[in-house]
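Look for chain A in each of the two complexes below; its partner is chain B in the first and chain C in the second.
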Partner chain A sequence: MPPWLIPYALLLPGILVIAGLLLWPLVQVVFMSFQKLGLPQVRGTRPAEWVGFDNYQRIFENDLFWTSLRNTVVFAAVTVTLTLVLGTAVGLLLQKLGKVMSKVLIVGLMAAWAVPPVSAAIIWRWLFDADAGIINWALNLVPDGLSNALFGRADWTGQPWLNDPVSIYMILILCVLWASFPFIAVSVLAGLKSIPSELYEAARVDGSTPWHTFRKVTFPLLKPVFAVLTILSIIWDFKVLAQLLILAGPTNREAYNLSLFAWSEAFNPPPKMGTGAAIAVVLTLILLVITFIHVRQMVRTEGDIK
Partner chain B sequence: MRIAKIAATTATTAALALGLAACGSSEPTAQESPNTGASQSAGGPNFAGQTLTVWRLGDPNDVVQKYQTELDAKFKEVTGASVKVEWIPWPAVNDKFTAAAAGGAGPDVTEIGNDQVPIWQSQDALKPITDVFKASPDLSQIPENLRGLETIDGEIYAVPWGGGTRAVLYRKDWFDELKIAVPKTWDELIAAAKKIQDKKGKDVDGFAFNGGTDANHLLGSLAWSLGGDYAVSEGGKWVGKVTEPAFKEGFQFYTDLVAKHGVSSKSRLGQNTTDIRVRFSNSKVGMYLTAAWDIATIKEESKGKVKEDNLAFFSLPKKDGSGPAPSFLGGNDIAMWNDTKNEALAAEYLKLAGGKEWGTKYALEGGFLPVYADELAKLESDPKQEVFAKSFAQAKAFPADSNWTEANETKAVLQNAGRAVIEGKKDVDTALADANKEIEEILNQ
Partner chain C sequence: MKPTTRKRLGSIALNGTAIVVFLFAVFPVYWMVATAFKPNDEIFTTDFILFPRQPTLEHVTQVFTDGVAGNSIWVYMGNSVFVALGTVLIGSVVALLAATAVSRFRFKGRTPLMIVLLIMQMVPAEALLISLFLMIRGAGLYGQLLGLVVVNVALTLPFGIWMLRTFVAAVPKELEEAAWIDGASRFRTFWKVLFPLVAPGLVATSIFSFITAWNELIFALTLMPESSGYTMPVALRFFFGQRGTDWGAIMASSTLMTIPVVLFFLMVQRRMVSGLVAGAVKG
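Moving on, here comes the complex of A and B:
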């Protein structure tokens, strides 16, 4: 075997696995989005009908698509921001802590991160249960005067948290944030450990404030880490499905995001896999565009530093 | 019975089964068991050594489980084949059917809700069984008006197994204790519900609001009782009728249960009958609309805390007290899965299970109404079943269209309209006008 072939030969198994498990299904989804596809077509008992852009036209004309898109984007923007801010803050805290304390905290954080999304969503749904939830119970314990001053009400008995999209998404943000910031925190901590301590000493000698040090030393050096974490968080938060399904239930259409809308179209009777696939393709395109812009900006700013 | 053309060939079991399936005929067929080799009498166990997969729906309680065991033992005695039963919980039914119909492992025979027959027929999941039906002396007795949902384009796709109308299940001990009489009008229903909440706690639903996937069982009864309906087919096209005054009044009362009267909590707008039953078993519900089969489950689920003699039914009344409101014509069927590899054996199972003896037993033990007319007539004198037998006579069905499931469950059109009204986001007229438009779009697609 000529030596130049060796790297390609080594890459081949990985490429085959990715092509088989990722690229081929992706191509199929794109195909499906141009077809009218129900169960008989999937089974092969009836031929699939090519409908051109009908599926896309249909979803763009559907009000549900636009509320789902709004919910998806707003949720992702808020959650990604909060996750990164909280994750970074906790990462910085972890670095300042002593060895033992930091280990204990990391184990605790990783435990939250490791909880399966479905379990996490069920826990949060219980916390916010109208009758038996600890949140309403705790809010009722707040002195009436204070509660009135803060929220304009004192009685929280039976407060339904899971009807209205706004409060559903508030809880969803908490639920996703709780489970995802530990990963950011630990990644930031790993990044922080790689920054030479001389830089901080120099900053201290020059009389830099902690905020200033963060902005001028930590942040620029960790920029590549943040860039990757941002992209990952955006992708994760755009695709949230299980938690929303559990918190909002399958019939609350106002609270749909794009994933849940696609799921509902594709798998609930009568299954319309074509429209479901079209929604999934739109979601993928949005993510591709965001990733593309972000990566390009990343490359450009790195060029500036040089 | 006649020997099938292909049965003469001494093929392997698999080839034989494939041949039968490919033949596509629904003719009842008898065949020699490939395992014995020797010829057998017509009534003997011709299918010895074969296995039939049967899906039953719901979480089995003891009574239903016992029935199934006995039925399968009888089936083995008659045909020699054994039965593999899988129980599919109701909330998982659509997922399991979808996966099976997409080419996964499906059953040979399945229980199916009668209102699910049109949608699964439209997905090619069910095999037509008209010939089996007509050739069977028992099945052919099932009255034609009970085969409406099962008959599509002249072909029958399922055997009606048991009828299930809905009535209001209530806590008799609470009614006795609080001196509440059985409500005869909507006002009395609300008054009774409020009294229960006053005495049993604010977190108890006096009369539970259903806003889940089966919400139209409740909403339908209320609207039908005033003469309203969802949609009518005019010249092959569905025309929505939910904006008509009668439907509107029923819908108004439906949303008022929560919004105005507060007899059901605003925090449970999405609950379905199963969710309500679980709360009822925990003594958190006074009354709710359901079918008779819930009693056995409640007894088990509440671990004896809610006793059977504390439970009773009354017919959901009409608004003005002029009698019972029409109930949803529900019920379960038994059908042959289109992908079955053993059509002849599956047909035998349908004939036995849906036949007069075992069909009636299925209905009576499972809390359904029998589909055989003389057996049903016997129930009208039974004090416990009278309520159901009477509402069965008045039962109504949802629009007979395979797309109804989409409007009813997947898009949950009227559930979302109800939620919007209760939360004050839309007034009744706007909500119903939007719903009407969407129902027409879905039914006419």
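Moving on, here comes the complex of A and C:
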């Protein structure tokens, strides 16, 4: 085999999989978003019908799309912010802790990080259970006067947290935050360890306050790490689906985000795969714009991808 | 305040915060396991029972014998293991070959390929669901675990190549050149020199793919219509369909699903962090 052919031979299976099972479906989903794909078309009794921008027009006129878009964006914004803040704080904490304590805390973080998303959602659903949930038990411990003043109620037993989209999203934020801050914390810790301690010594000698040191020394040096963590978090939190499906169920339309809306349009009977595809395309476009900014930044700073 | 007192107070505050964070991370997991071993009257109560007073295996036995959605939990575990192992076996071979190509060779089309790999990691799998569903159905794989394996191989491949290439790149090229000069064939050089050195990275990448396939819900839910083909995450969802949620059984099943992941996770956590961050930072 001529040497120039070797890399292509090695890549052949990978390229087949990526082209056939990722790129081609991506192209197809764009095509499908311009077609009418209802039950007869899915069954194959009638051919797919080209309908132009009808699907897009239909979703943009649907209030549900705008609710889903709002849910997606607000959820991602809140969760990414909370995850990064909490994760960074815990990363800094890990660096300050003694050896034993930081080991113990890391093992604890691993436990939360390792739990499968479906299990995580189930656990949080159980914590917030209306009748036997531990959260309602804890809220009942709050003195009645204080509880009344803060929330306007004293007895929390039976509080149905999973009926209302706002409280569903509150639980979803907690659930995703809980599962994802450990990764941020451990990554920030890894970044912190790469900063030479002389820099901190110098800052201390100069009488810098901890907050000032963080802003002027730590943050600028960890900027690339934060950039990556932010983009990864945005991408992960934009398409949260499994957890939402467990917490809200497939029919709670008020609680849809874009992924769940797309999925239920396409697969809840009667199937409307064209509309589902259009929603999926909108979601993908949003994510690709974010990714594009990310990749351009990387190519610009590195010149070439190693 | 004396400096020593201040220092001590600072240390107390620090360790106190660490304990709070530790409890926040661990308590929900503990609560799942504790619930799995509590009898029903300790589960369905408005009291707070930290430790099971009368620990019981009834829920564990129940999910193995009665199960859910008409099958024992063994069936779902078996399906999950089949899908996850199948994904790892096929995926790691494909990823290793591709990773060797991109980190050992400079060739035309390499940069576009790397950009495609990067972008494909960002495309939401859910967006591909509709077309993959129709493709899998067209290929006669609807309702077959093999179809799910194929999908998971595709979904885990971009990140697998991305992660594995840093491990291949870390092996000094001189080692292979030495073997090559000593007259070893290309295949022998790969098999006897590169492969053993990349093996730890291959294990880490495989475990990552295993976890991804093991945890996957949406494709499994969409591609497997018969309950005998459910994977663990899909089966777990079914507990909520029943009248009155059986939390003991759910938590027992959820614990069973979580154990393998936690074990694997502890094995590879270091590499996961360096793989995700370093891979992304260095590009």
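One rule holds in what follows: the second predicted complex is superposed on the first by the 261 of 306 C-alpha atoms of A that agree within 3 Å, B and C clash if a C-alpha of one lies under 4 Å from a C-alpha of the other, contacts with A are read in each partner's own complex, and residues count from 1 in each chain.
Quick note on the criterion: a contact is a pair of C-beta atoms (placed from the backbone, for glycine too) under 8 Å apart; a residue touches a chain by one contact, two chains touch by 3 or more.
Everything numeric in this text was worked out from a predicted model, so none of it was measured.
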item: First (chain B), second (chain C), both or neither touched by A:Pro40; value: first
item: Partner chain(s) touched by A:Ser264 [first = chain B, second = chain C, both, neither]; value: first
item: First (chain B), second (chain C), both or neither touched by A:Pro160; value: first
item: Touched partner set for A:Val281, first chain B, second chain C, both or neither; value: second
item: Partner chain(s) touched by A:Gly249 [first = chain B, second = chain C, both, neither]; value: both
item: First, second, both or neither for A:Ala202, with chain B first and chain C second; value: neither
item: Touching partner for A:Ile123 - first (chain B), second (chain C), both, neither; value: second
item: Dominant toucher of chain A (residue count), chain B or chain C; value: C
item: Which of chain B and chain C A:Asp131 touches, first, second, both or neither; value: both
item: Chain B and chain C contact sites that coincide on chain A, given as residue numbers; value: 42, 129, 131, 157, 249, 267
item: Residue ranges of chain A touching chain C (in the complex, touch as defined); value: 4, 6-8, 10-11, 13-15, 17-18, 21-26, 28-29, 32, 42, 90, 93, 96-98, 101-102, 104-105, 107-120, 122-124, 126-127, 129, 131-132, 134, 136-138, 140, 157, 178, 182-183, 186-187, 190-191, 224-225, 228-229, 232, 235, 238-239, 241-242, 245-246, 249, 259, 262-263, 266-267, 273, 276-277, 280-281, 283-284, 287-288, 290-291, 294-295, 298-299, 302, 304-306
item: Chain A partner contacts - residues on chain C that touch it in the complex; value: 14-15, 17-18, 21-22, 24-26, 28-29, 31-32, 35, 43-48, 93-95, 97-98, 100-102, 104-105, 107, 110-111, 113-120, 122-135, 150-151, 153-154, 157-158, 161, 169, 186, 211, 214-215, 217-218, 222, 233, 236-237, 240, 245, 247, 250-251, 254, 257-258, 261-262, 265-266, 269, 273-274, 276-277, 280-283
item: Chain A-facing residues of chain B, complex; value: 94-95, 97-98, 101-103, 119-120, 122-125, 202-203, 211-213, 265-270, 402-403, 405-406, 409-412, 415-416, 419, 423
item: Complex contact set, residues of chain A against chain B; value: 38-40, 42-46, 129-131, 157-164, 249-254, 264, 267-271
